[in-house]
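Shared between the two complexes below is chain A, which pairs with chain B and chain C, respectively.
Showing the complex of A and B:
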C-alpha cells in the first residue's frame, strides 16, 4: 500500500483487488436480485399458491390500470412532497443559524444534529404516541388545565403521518442545507450589502440561490426516503393512510403474492429511480456525499 | 443583534426542541412509577427496566440485534475500508461508475432492496434466515461505510508514509506505525456507523427476519401492535443509550488509541 504508483501505463490490478469484495456484494446482493424481480414480475401466482413460470403481463396490467393503486400512488407522492416541503421550510432556519453563528455552541449544535441519525427510526416514530396519544403529553396537559374533559384522538391521520415523516427526515435536510450554506464565500454577501442591498435582498439574491444545491440534495433525500416508507403510516397513520410501500409489504409478507409484490416494488423503483437520475444528471450525486465530510 | 437574527435563533431553538422533545419524553416516561406508564408522572422507578430483563423475548431480541450488528459491522467495514482505499489512493478507468455502483444500495429504496434480496435468495433455496438478515444488513450498510471511511481517508496524505520509508522503515513498519494509526479512526467510524445502522434497522429487517426471530426494533414494532406500554419506553431508552452513548464513547476511545499508537514510536 505504501508503494508509489507505477510510473508506466501498465494495468494496475491493486485497486480492483481492493474493490472486488464490495463490488461482488453489490452485484450479488443488489444488481442480480433486482434483475431477478424484473423477470419474476412477469410470472403468475396460481390459485394453489405456487408460481407459474412464463411471460404474463397480468401483474403489470393490474398494477398500472387498477384505480386503487393509482390512488395510493398519488397519496404517497402527496405525503412525500408535503413532508419534503415542510422539511425545507423548517430546516432552512437552523441550517442558516449554524452556518452563520459565531457562538462557541456551533460544534455542539452540529453534534446534536447528528444524534437523531443514531436514534432508531421506530423509536422516533413511536415517540409521537407519547405526545399525541389519548393518554399522551398534550391530552394530559389540556385535561389538567381543564380545557378539555375528554381526551381528543389526534393520531392516525394523514397529518400525523406527515408529522412523523418530517421528524424523521428533518436532520437530512438541515445537514444538506448547512453544508451548502457553509461553502458560500462570505465576501459575496458583503459585496451585495456594500452595493446597497438590504439584508433580505442579499439573502434572496445571493445566499438563497447559492444554497439551492443543498436544498435540492436534501429535498431528493427526503422525498425518496419519505415515498419509500411503510413504517410511519403503519405506526402513526390510520387504515386510509397507507402508502405505496405498504402495498409492497402487504403483497410480499401478508398475501405471499411474490410476483405482484415484485411488480409493485419495481414500479416504486422506476418512479424514485427516475427522480434520482434526473437529479444526478443536473446536479451530480456528489452533493449528497458532501454531508459525510 | 438584529431582530431578524433573534428570530432565526428562536426558530433554531424551537426546531431543536421539536427534534429532541419526543425522544426525551420516551426516556422520561420509562422511569415513570405510574402503572400505566403515562402522564401524570408519579415519581421515579426502575420497575419497567426490571420488567425488560425478566422478559425473555426482549432479552433474545437484544442478543439477536447485538450479534447481527457485530457481524454486519465487521463484514461491511472490511469490504468498505478496502473499497474506500481503492477510491482514495488510485486512479483507474471507470472510477465514476464504480463510485455510483458503491453507493447504489442507498439510491434504491430499502423496500425494493428488501424485496429483491428476499425473492432472489429464496429462488436459490435460501429461506428467511439469519444468513439472509446478515446479507441484507451488509448490503445496506456498505455504502455508508464507504462514504464515511472515504471522507476520513482523504485526510491521510501519502507524504507521511513516504517520509517513513525514506527514513528507513520497511513496508510493514510503515503500515504498523504510520498508516494504521492514521486509518484507525476511519475504521472505527465505519464499524460504529454500520453497527448502529444495523442495530436500528426495521424497514428491511421486517422482510428478511425468519418467523419467531425478532431484533430490538421489530420487537418494539410488534409490541406497538397491542398498545404503547411503559415497557416499550424502557426498551426504547435502553436502545437510545446503546446507539447514542456507545458511538460517542467509541469515538473518544478511538482518538485515545490512535494517539497511543502514533505516540508509541
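Showing the complex of A and C:
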C-alpha cells in the first residue's frame, strides 16, 4: 500500500479556484477573440464582401510590404510619441504640485484629476470644435477684442489631433508621475539641500531621477493608448491625419474586409505588445499598476 | 376598448375629416406614449424578435431628424395599434451598420432604413435578404412603381424591402460666399474652386465622391471610362478640403458654423438648415446623384410583424408626416396619393411619379467595382 503524500506536497486547488473567474474572463474576452482575429487574418475577402475560408498569406503580404501601411504606421507612432512628450511636459507640474502640496484637500485634487473620465471621451473630443471652431469660443473672443478681423482656422490638422490626444491622455500621465513622486523619501531632498544644493539642483539631481519610473510608466500608457485611437483623428483631424486604427476601422467597417482588418490590427497589437515587453524587461510593468492602487 | 379598435376609430375620424392631421398625430403619439417604452437587454431583444409573435421589433435608421420623425409619426402609433414595441437604434453610415449586422445573431436586427439600391444588392449578396409577402403590405400599391422595379431584378422578382423615400445628394453652398448664379454656372466644379481651399467639405464615402469626380471629368458616373482622371480629380478635391464629414449631423454643423462654404450634401439636411434660418443654397447639378431609401427586412426577422410595420409606415398619413419631418419626398406615387401641400415643395420632388429626371447608382456596375474602388478611395482620402 502506497504511502499518502505529506499534506504540504498535495496540490492546493484553492488559488486556482479563486483565480478561475479572472482566468475565465481573460480567456473569453481576450484570448479567444484574439485567436479568432488571428484565424480571420488568413482568410480572404470575396468580391461581394463575404469571406473565403482557408489559409492565405495575401493579407499579411500586403500589410508587411505595402508602403502605404508603413507610412500611416510611422505617422501614428510619431503622433503618439509627440502626444506623450507633451503629456510628460505638461503633466509633470500638476503631478508635482499634488504630490508636494501641504493642503488638506489633496484627495479633492486627485478627484478633480479623475473628473474628465466621468464625461464621454467622444464628447470631450468634440468639445474642442466649440472651443477652436470658426464660430468657437477662442475665435469669438479674439474677434470681440478686435485682435483679429477674420476667424482663424484652427481645427482639422495634426496639431488639433495631438491636442485632443493630450486632453484624453493627460490624466494617465499625471497620475503615474504623482504616484512616483509621492513615493520619494522627502529626507533625500532635504539632505541634498543641507549639502548645499539649490532647490533647482535638488530637483534635478534627486527628485527628477527618482520620478523617472513614473514618467516612463505614464509614457508607456499614453503612447499605447494614443497609438491605438481612431476617434480623435476622425473628429479633429483633416484628410492627411489618419492613424493606424483608422485603417483598421475602414477595412472592417467601410470595406467589409475583415481579414485585412484583422491582419492590420494584429500588426499594431504586435508592435505595441513588443514595446510593452521591452518596457517590462527594463523597468518593470508593476510601476503602472501602482497608479491604480 | 383595445388599442387596435381605438386606432381604427381614430383613423376613421381622421379620414372623415373630423380631426386635422396635427390632432390625429397628437392623439396617436399620446396613445403610443401610453403604451410605454420599455428597454431590455439586446440578447433578450434578439430572442424575442425571433418569436412568432414578438413583443418588440428592432428598427435602425440614420438618427437625427429622420429618426425623430419615425418615432413621432410611425412607431408610437404602430405600438398603439399592435402592442409591438419598436426599439429604434441609429447608425452613422450604411457600412458601419452592415458590419454590425454581419457580427450579429439572426433576428437581432430586423428592419433597417437603408440607402439606395446599392445596399439592397449588398445585403442580398451577403445572404441577408428575405422575401416579403406583398399581400400583407397592401399599401405597396401606392408606391412609385419605378422604385420597386429597381429592387425586383436583384432578388428574383420578389422584394426584401419597401421603398420609402428618395432624395438627392447635390451641392450645398454658403450664399455669403457663393451666389446662386455662380453655383449654377460651375455645377459640380464648384467643389474644385481653388479660392475655397480649406473651406471645402466632402462626404467621406467612396461612391458619392467618385460619382462627383466622374461628373467633374465629364464622364457618365454609371460608365466611367477614364478612372485615372477620376482619381486625379479626387486628389485635387482632397487638397482643397478642410474635412471629410461622416454624418448628417457633422455636415450640418460644418455648414452652420461656416467651417466650410461648399460641399456635397443631402437635400433634406440642407432643407433643415434653411428652415433653421441659415443662408445655405442647394443645387442639383446636371447629372447629380439621386438615391432612394428603403425599409429593408433582414433575414431572421419575424416577417408578419415586420410586414405589418412596413404597411403601417406606408399609410399615406404616416408616410407624408415622416416625409415632412425628414424633408425627403415619400415613395408614394403622387399620381395615386394626394401628398398635401408641403411634400411637393420639398427638394428633389418628382410630381410625375416616374423619377425619369433623376440619376441613380447602377447597382450592378457599382457593386462590381466596390472592392477595388473603396480601397483605393481610402488611400486617396488619406493623402495618397
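Keep this in mind: the second predicted complex is superposed on the first by the 282 of 293 C-alpha atoms of A that agree within 3 Å, B and C clash if a C-alpha of one lies under 4 Å from a C-alpha of the other, contacts with A are read in each partner's own complex, and residues count from 1 in each chain.
FYI, a residue touches a chain if its C-beta (ideal position, glycine included) is under 8 Å from a C-beta of that chain, and two chains touch if they have at least 3 such contacts.
Because the structure is predicted, anything quoted here is derived from the model rather than measured.
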Chain C versus chain B on the shared chain A, clash or fit after superposition: clash
Partner chain in contact with A:129 - chain B first, chain C second, else both or neither: both
Which partner reaches more residues of chain A (counting touched residues only), chain B or chain C: B
Partner chain in contact with A:50 - chain B first, chain C second, else both or neither: second
First, second, both or neither for A:239, with chain B first and chain C second: second
Chain B versus chain C as contact partner of A:253, first or second or both or neither: both
Partner chain(s) touched by A:72 [first = chain B, second = chain C, both, neither]: second
First (chain B), second (chain C), both or neither touched by A:153: second
Which superposed partner A:145 touches (first chain B, second chain C, both, neither): neither
Against chain C, colliding segment of chain B, chosen among 6-14, 24-32, 132-140 or 222-230: 222-230
Doubly contacted chain A residues - partners chain C and chain B: 129, 133, 135-136, 252-253
Chain A - residues contacting chain C, complex: 45, 47-50, 68, 71-72, 129, 133-136, 153, 155-156, 234, 238-240, 242, 246-247, 250, 252-257
Touching residues (chain side chain A, partner chain B) in the complex: 1-5, 12, 14-16, 18-19, 21-23, 25-26, 29-34, 36-37, 40, 90-91, 93-94, 96-98, 101, 109, 112, 115-116, 118-124, 126-131, 133, 135-137, 140-141, 144, 167, 170-171, 174, 199-200, 224, 227-231, 235, 245, 248-249, 252-253, 258, 261-262, 265-266, 268-269, 272-273, 276, 285, 289, 292-293
In the complex with chain A, residue positions of chain B that touch it: 2, 4, 8-9, 11-12, 15-16, 18-23, 25-26, 29, 36, 38-40, 78-80, 82-83, 85-87, 89-90, 92, 98, 100-105, 107-113, 115-123, 135-136, 138-139, 142, 146-148, 150-151, 154, 158, 161-162, 164-165, 171, 174-175, 178-179, 196, 199-200, 202-203, 206-207, 216-217, 220-221, 224, 228, 232-233, 236, 239-240, 243-244, 247
Chain C to chain A touching residues, read off their complex: 93, 95-96, 98-99, 102, 122, 125-127, 198, 206, 238, 241-244, 246, 253, 257-259, 367-368, 370-371, 374-375, 378-379, 381-384
